[in-house]
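What follows is a set of structures for review.
The same chain A turns up in both complexes below, where it pairs with chain B and then with chain C.
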Partner chain A sequence: MSTINPDLGFKRKLTRLSGSQLNQCMQCGNCSAVCSLAPTERPFPRKEMIWSGWGLKDKLMGNVDIWLCHQCGDCSTYCPRDVKPADVISAIRQTSYQHYARPLFLGKLVSNPVWLPLAIAIPVVVIIAILFLAGTFKIPPGPVDYSAFFPHGLLNGTFSAITLFFYLLASFGIGRFWKDMKIQTPPGEAGRKRLPVFRVLREILSHSNFSGCGSRTPGKVAHLLLFFGFTLLIMVTLYAIWATVTHHYPLPITNPFKILGNLASVMIFSGLGIMTWQRLFNKSVFGKSAYTDWLILAAIALLTLSGTLVQLARFGDWSIAYHLYFFHLVAVWFVIMYMPFTKLGHIFYRTTALLYARSIGRK
Partner chain B sequence: MMEAGEIHMALAVCSGCDIGQAIDIDKLTDAASEAKEGLSCIKHNTLCSEAGLAELKRLVLEKGVDRLAVAACSPRVMSREFEMDGVQVERINLREQVAWVMEPGQEDTQMCAEDQTRMVLAKLDTIKDGTPYIPDQLSSDILVVGGGIAGLSSALGGARAGYRVHLVERSARLGGYAGRIYKMLPDSENAATLKEPDLHDTVKELEEHPGVEVYLETSIKSISGEPGNFIVSLENSRVSELQVGAVVSATGWKPYNTEKLAPLGYGSERVKTLEEFEQFVQKEQIPDRILFILCAGSRDENHLAYCSSYCCSAALKQALYVRELNPHAEVYIIYRDIRTTGFQEEFYKMVQADDAILMTKGVIESVSDQGDAVKVIVSESLLDDRVCINADLVVLATGMVPNTTSDLQLQYRLGKGLPEIEYDFSDSHFICFPYETRRTGIFAAGTVRAPMDMELSREDGAGAMMKAIQCIESVKRGEAVHPRAGDISWPELYMERCTDCKRCTEECPFGSYDETEKGTPLPNPARCRRCGICIGSCPERVIGFADFNINSVSAMIKAVHVPDEFEEKPRILVFVCENDAYPALDTAGINRLQYSPFVRIIPVRCLGSINKVWISDALSHGYDGILQIGCKPGDDYQCHFIHGSELTEQRGVNLKETLETMMLEPERIQTRFVEITEHREIQEIINEYVEEMELIGPNPFKSM
Partner chain C sequence: MGDDQTRNTISETDTLNLPILIIGGGISGITSAVELAEAGQEVVLIEKENYLGGNVSHFNNYFPKLCPPSCGLEINYQRIRSNPRISYYTGASLKNICGTDGDFMVNIQLKPRLINNSCTSCGKCAEVCPEERPAKLGRTAGEKAAFINNGLAFPMKYCIDPEVCKREACARCLEVCDYNAIQLDASPAEVGIQAGKIIVATGWNLYNATLIENYRYSEESDVVTNVEFERMLAACTREKIKLTRPSDGLTPRRIAFVQCAGSRDINHLPYCSAVCCSASLKHALTLEAEYPEIDAEIFYIDMRLSGRNEKLLKQAEEKERITLTKGKVGRILPGDEEKGLVLEVEDISSGCKRKDTYDMVVLAMGLTPTPVAAGLKVNEYGFYLPDQPSGMIPTASCKRPMDVSSSVKDATASALKAMQR
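So, the complex of A and B:
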């Protein structure tokens, strides 16, 4: 038996983030009936809706199901009271990023526009500090050569170290998330199996769960473009890091990896375009877009745009090349370092939840 | 009775609506003329047309007709058309009950039509012109008992309509429960805001109205008499006796017995009922966590089995008080179903919009005061299978229990109060006749007759007042109040032959008869519903109405020509209750549902009015069987006269014994019950019964 501790502050936060009138949910269960994920014995998201209405934060934070949801929007489409379960689930996830963020401050930093100047100032100050220490904090003379501004070894070394540091911090939150999941959804009689890593990987790569729902087909395409665009970019980046050591760097435009990288940019731009379009003009399906949604879309867009410009500036020997490069590095920080605390955190949480769910036999 | 020679009888036969095809009209009028000497006859192919009616009126004027038989359609249609001043009109139902249900042109169909005609002619021969009964001392004043919301609305309605109203309230102030509450539920027109209590204006208007007398802290010592002339004795009042024409009983309700609510934590200071909380919010500081338990002791066989209909809305209303008076407070509502019907749905949505009011369906497992908080364990909730919720105060939404009506102190042999039907609520026929009780002229209004909210109570009070006014006006004209509204006949007793057996006084469902110590019946005709159950009850056959009595029905029975046993044409007498069975039979006709032409139908006011002598008359006249079809008996009565059908069943048991001593098969007399919609069933009932009689064989008393 659990004790009910309503947290009206939490409820009001969900209301603010989702725009949903939670009390108007009449618990009819239509959402569960149309949801392709809802297991028979745990009406999802009907239960999550009343828990949200009662402000039961403790029941929602370690909730597996909300992370299995891929936001297809069927529940909102078929809700007779227009309480938008899909938006409520988004809001719960958003709250989770902040709840599990360690230190908590990092969660707040990227979830409230008030903190945006500080969120920008941190990478700016840190990068300047590194450059200052390296003694390269000035526009180098001659043709554009980024390594003259920020030596490759130093860049790769410091950025990798900082990323690892941020991800290490995030792993504490994810550890707590795992514990909470075990309390909220204990393994059944069958117990927990070995982590089904490959199965989960296959699920993620194939986007197989997306096909279960009807409302957001364009969403699947956009996500696929973005997902594989990023995967390509990561591969290209890893190759680039390796290439700085073994090859002549920078790479010429004809290098196959360079071509792949540019292809990835095109994919990301297309995905972003679809997503922005849907968020602006298809609100009935995509629901309310919050600050965090726009922040991450903007960050990715700026990252990709500045990356492309940095490349052009090198070939065209533009005078503002180093400014663009600096800007690009700040954008990298936003997307990569802040990743566990922004909406992109779902890469970690959803993967963790999938691993847990599949290990206890939850389909 | 008039001398036979003074009667000028006429028969008008219509051959329209298939009647002419089914029956030989000339043969019919010949048979009728043979049965009644000096009978004037006219025939017309559309009697109800202007030309037909003109011809009929000409005949009535020319011959000075005072008894007219109209052989055409059912008496349930065209009744105005065939009404004529100073003429007793009886209808012969040739269309619905002969032409449309029997094979046209057949000998048996013709015989049936002729018999039905002879029956009605015989009836016209025996019935008298009635004179209405009007009590000597008539009062148009109306007594309203109970000064709650229903009583106030009733009294004010009566006064506004120009009647003098006496309002008796046992407490020291008017308003009842409605007068003690903090705020009222919104009106249906303006569902979005709680209303300030608005009884003040009503009370003020009432107190200032010259037509209203208010008697506070007054109770009733006795009510005797009959509609139009009730004598009311008051206790503890400046006036000791009133004469009124009708009574509205709006004695209201009381909350469910809290002693039975111990399993829900009642007894702790932190557990209150809706009524207690209504007072609490007006005086005390409201704590931060309030939990409402809906259906507390309601819709539960161990408590109140019914839904009181007001508690959900009242609890939601109080949830709003909590939020208004303590903005930090959280409200938890545990419901089984939220029942905010009609326009109150809007109100429900308004409450829902408050994000600190949290609701879940659930079953209360236990409520225990832990000192610092009340711990409520809820199972089967939407939140989880079993959860614990802590609250600072628990409010139990308890239901309504009707107040007793024995405070009316009615001087009726059937008891001091109104009869109570299910769950102790005052008698009132929910479906057909709300407000009407089994005591004519005494109407129940508000929560004493059914659970209801204030808006409905207000309407109910007004509705009952209209019935009370209607009652007074009917009594003034000497007419029955209901359900035979407008009937001017009434039971007349030939007291010289009465043996004081008390059957009429005991069997009258409406307490029309008082009795002397010796048991002699003292009729109160204005209380009477004109059902004729007393006719059926009287072994000495001393009771009768001018147009419905022992002789008139006996004459109808004997008017039928019964063929002898060798002709293999059985004759079945069917007594049909006029209320539901007769319309059902007409509907069978409209649907052309064919049944046996061997039946001869006599409509009766109620199955309970059937006197044993008619049965023996029929058997000795040679009928092979007697079928009685009436309304369904039982607690949720269909029977318009409460237990007429039941009485017929009881009397049937005695009758069977009599039949056995006569060496007759008891199956020859059967009773069946139908609802007004069961026209298919009534066809089956008749046909199956006739088949059964054909198997049993002819009545051995035939042609004796």
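So, the complex of A and C:
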């Protein structure tokens, strides 16, 4: 005999995050039937809906299938009871970031608007501390020269170290996630294959799973723009860090990397624009937007915007140039350091889940 | 119960001075009419189609005993024919209702039949008629403008569809009719009826299947509604022919029944239509008994059967060629190489997603109320409320979806209600 331990707090949380009346679900299976990505064996999201309704947190935290979903919204559109399975799955993913976050405090920090001031205060204090330590905490006279105010070597070094530390913490969570997946969805008789790294990489780069999704080509375009814009910016940033060490920094506007960086910010702005528009005006397809959705959209937007302004301020010798740069650094912290604990954590969790799913032949 | 003091006794004095008007000449309206007339009450029955009998007259068989419609309708037609207290109008549409409870004045418009009472239903007019009525829900394709209800015609006379007939420009039927029954110049007439009470028995409509885009009713001719399927079965029984599918005339081997097509769906009809589960079981059992080459599979959310209809489920479960699968059909797609229809569904009992091919799909469509007659109060779904301030008495399936046996009981109850002052 198996015992069922409903976690009512978890159910209440899902209800709050998704806005779904979980008890209205009549388990008809229409959602699984219309989903283009649901595997033949044990398809989703009907089973996730009953587990959510029963508050079975342990079944949902190590769940592979919620990461196979690419949020096309077909299940919600055609749901005869309007229980919005797409929003419930999205809420389970949000809960997963917090569940696997170590220390737990980091997950809480970025999931609740109450903690937002503290989440902002931490990077502000750290950056000011670095400036004090370097003894450059005084706006220099003359034309804008960021290195006179911001000690690049120390800043880059500290930021990289903190990022690595945070990601190391996150890797423990991902390890636990992997273990849970093995319990929840054990490999079939065929066993587990070697990690299909290239296959998953191809899936991610081509966004092929988005095409599998029913009615959401606009979602694919926006995500492609953001994905490649973001990847490009990270590459440009790494180059810039290397440039500060090896040769003259800042880069002139004609430098190919500088041009690439600006192209990337255009891509990101376009992607963000589409996403925001869809979240505001196409709720029937894109579902309910939660705090984490808006937080991460805003953080990326502010990061890109402040980056662009920092560059303009340098060329235009603006008096607020240093303030803008400071703001930019806080935004960097928000997007990069907090990444595993916010919605952007899907970069790690979805990739891990895809690796596991494909290795056991789940598609 | 059974207390003599509270029991209503019907006597001559209980009948109203004015006749009772019954709107709708289907099985419920007919039932109310004969019950009232046989209790001594004058009644006027009006029906918008050219024949009485309504939907039931087109059925293959009906609840509760799965009799053919002739079984119940013929005896009722006989009761109407032999009772001088019943007068009826067919082809009658309601124009307006004036007055109050106890003294209504109702104006109706009669569309011309173009064939008068001299008709002997020899059928020569239909033989020469070159015009065809457009195929419609359950209407056989190829039906001529001069036609007779191919179920159980009452009155047993031909009529001509004035919207299709070319009148004097054609007039071929005039030449062949030996009884001077054709009157192509007949025009609509108006009649005023004074009535003490009004019973509304306007029945049900089928939900519009084209609105369920995932089921491709508009695109696939082999996706039919349950009412169309019922009439196909009736035509097969009547003409002693094999059941064929609409697209290519071949005999289907596998037929899928899709339950809750439109019902229990917030995007369509939020309520349960109550009769469709029984109807699909009835269809499957008919196929099992009469078409040994056809397998039936019913896809359902829950099997909802009431009262004695429960036994249909027990019967179906015992049959090898009937499969019952729990799971709402998500999509119907055209099959590979345009052969058959693929149903996407999660088989909830096994927890697997299935994409199987069928030769034909029957949508167990939900029922909707008929459009509102003036001054009647409706509930949130458009069904008439049982108690009307105007004193009119809605009866049977215009109040909520119900099967024939429940409708007949309700119509009898409404007759009693109408006779009480």
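By definition in this document, the second predicted complex is superposed on the first by the 361 of 363 C-alpha atoms of A that agree within 3 Å, B and C clash if a C-alpha of one lies under 4 Å from a C-alpha of the other, contacts with A are read in each partner's own complex, and residues count from 1 in each chain.
The rule is simple: contacts are C-beta pairs under 8 Å (C-beta built on N, C-alpha and C of every residue); 3 or more make two chains touch, one makes a residue touch a chain.
None of the values given here were measured: they were computed from a predicted structure.
K.L.:
So, does A:K47 touch the first partner chain B, the second partner chain C, both, or neither?
P.N.:
Both: A:K47 reaches chain B and chain C.
K.L.:
Looking at the overlay, what does A:T15 touch: chain B (first), chain C (second), both, or neither?
P.N.:
In the superposition, A:T15 contacts chain B only.
K.L.:
Applying the touch criterion given at the start, work out whether A:A331 contacts chain B, chain C, both or neither, answering first, second, both or neither.
P.N.:
Neither chain B nor chain C is touched by A:A331.
K.L.:
Determine, under the contact definition given at the top, whether A:Y78 touches first (chain B), second (chain C), both, or neither.
P.N.:
second
K.L.:
Between chain B (first) and chain C (second), which, if any, makes contact with A:I296: first, second, both or neither?
P.N.:
neither
K.L.:
Applying the document's definition of touch, where does A:Q27 land relative to chain B and chain C: first, second, both, or neither?
P.N.:
both
K.L.:
Give one of first, second, both or neither to describe whether A:L309 is in contact with chain B, with chain C, with both, or with none.
P.N.:
In the superposition, A:L309 contacts neither chain B nor chain C.
K.L.:
Just checking: does A:V64 make contact with chain B only, chain C only, both, or neither of them? Give me first, second, both or neither.
P.N.:
It touches nothing on chain B or chain C.
K.L.:
After overlaying the two complexes on chain A, where does the chain B footprint on chain A coincide with the chain C footprint?
P.N.:
In the superposed arrangement, which is not itself an observed complex, chain A uses residues 27, 46-47 for both chain B and chain C.
K.L.:
Where on chain A is chain B touching in the complex?
P.N.:
Counting only chain A, the residues touching chain B are 1-4, 6, 8, 11-12, 15, 21-24, 27, 46-47, 50-51, 53-56.
K.L.:
Quick one: in the complex, what on chain A touches chain C?
P.N.:
For this pair, the touching residues of chain A are 26-35, 38-43, 46-47, 78-82.
K.L.:
Which of the residues in chain B come into contact with chain A in the complex?
P.N.:
Going through chain B, the ones touching chain A are 330, 332, 349, 352-361, 377, 382-384, 386-390.
K.L.:
In their complex, what parts of chain C are in touch with chain A?
P.N.:
Within the complex, chain C touches chain A at residues 214, 260, 264-268, 301, 326-331, 344-346, 348, 351-353.
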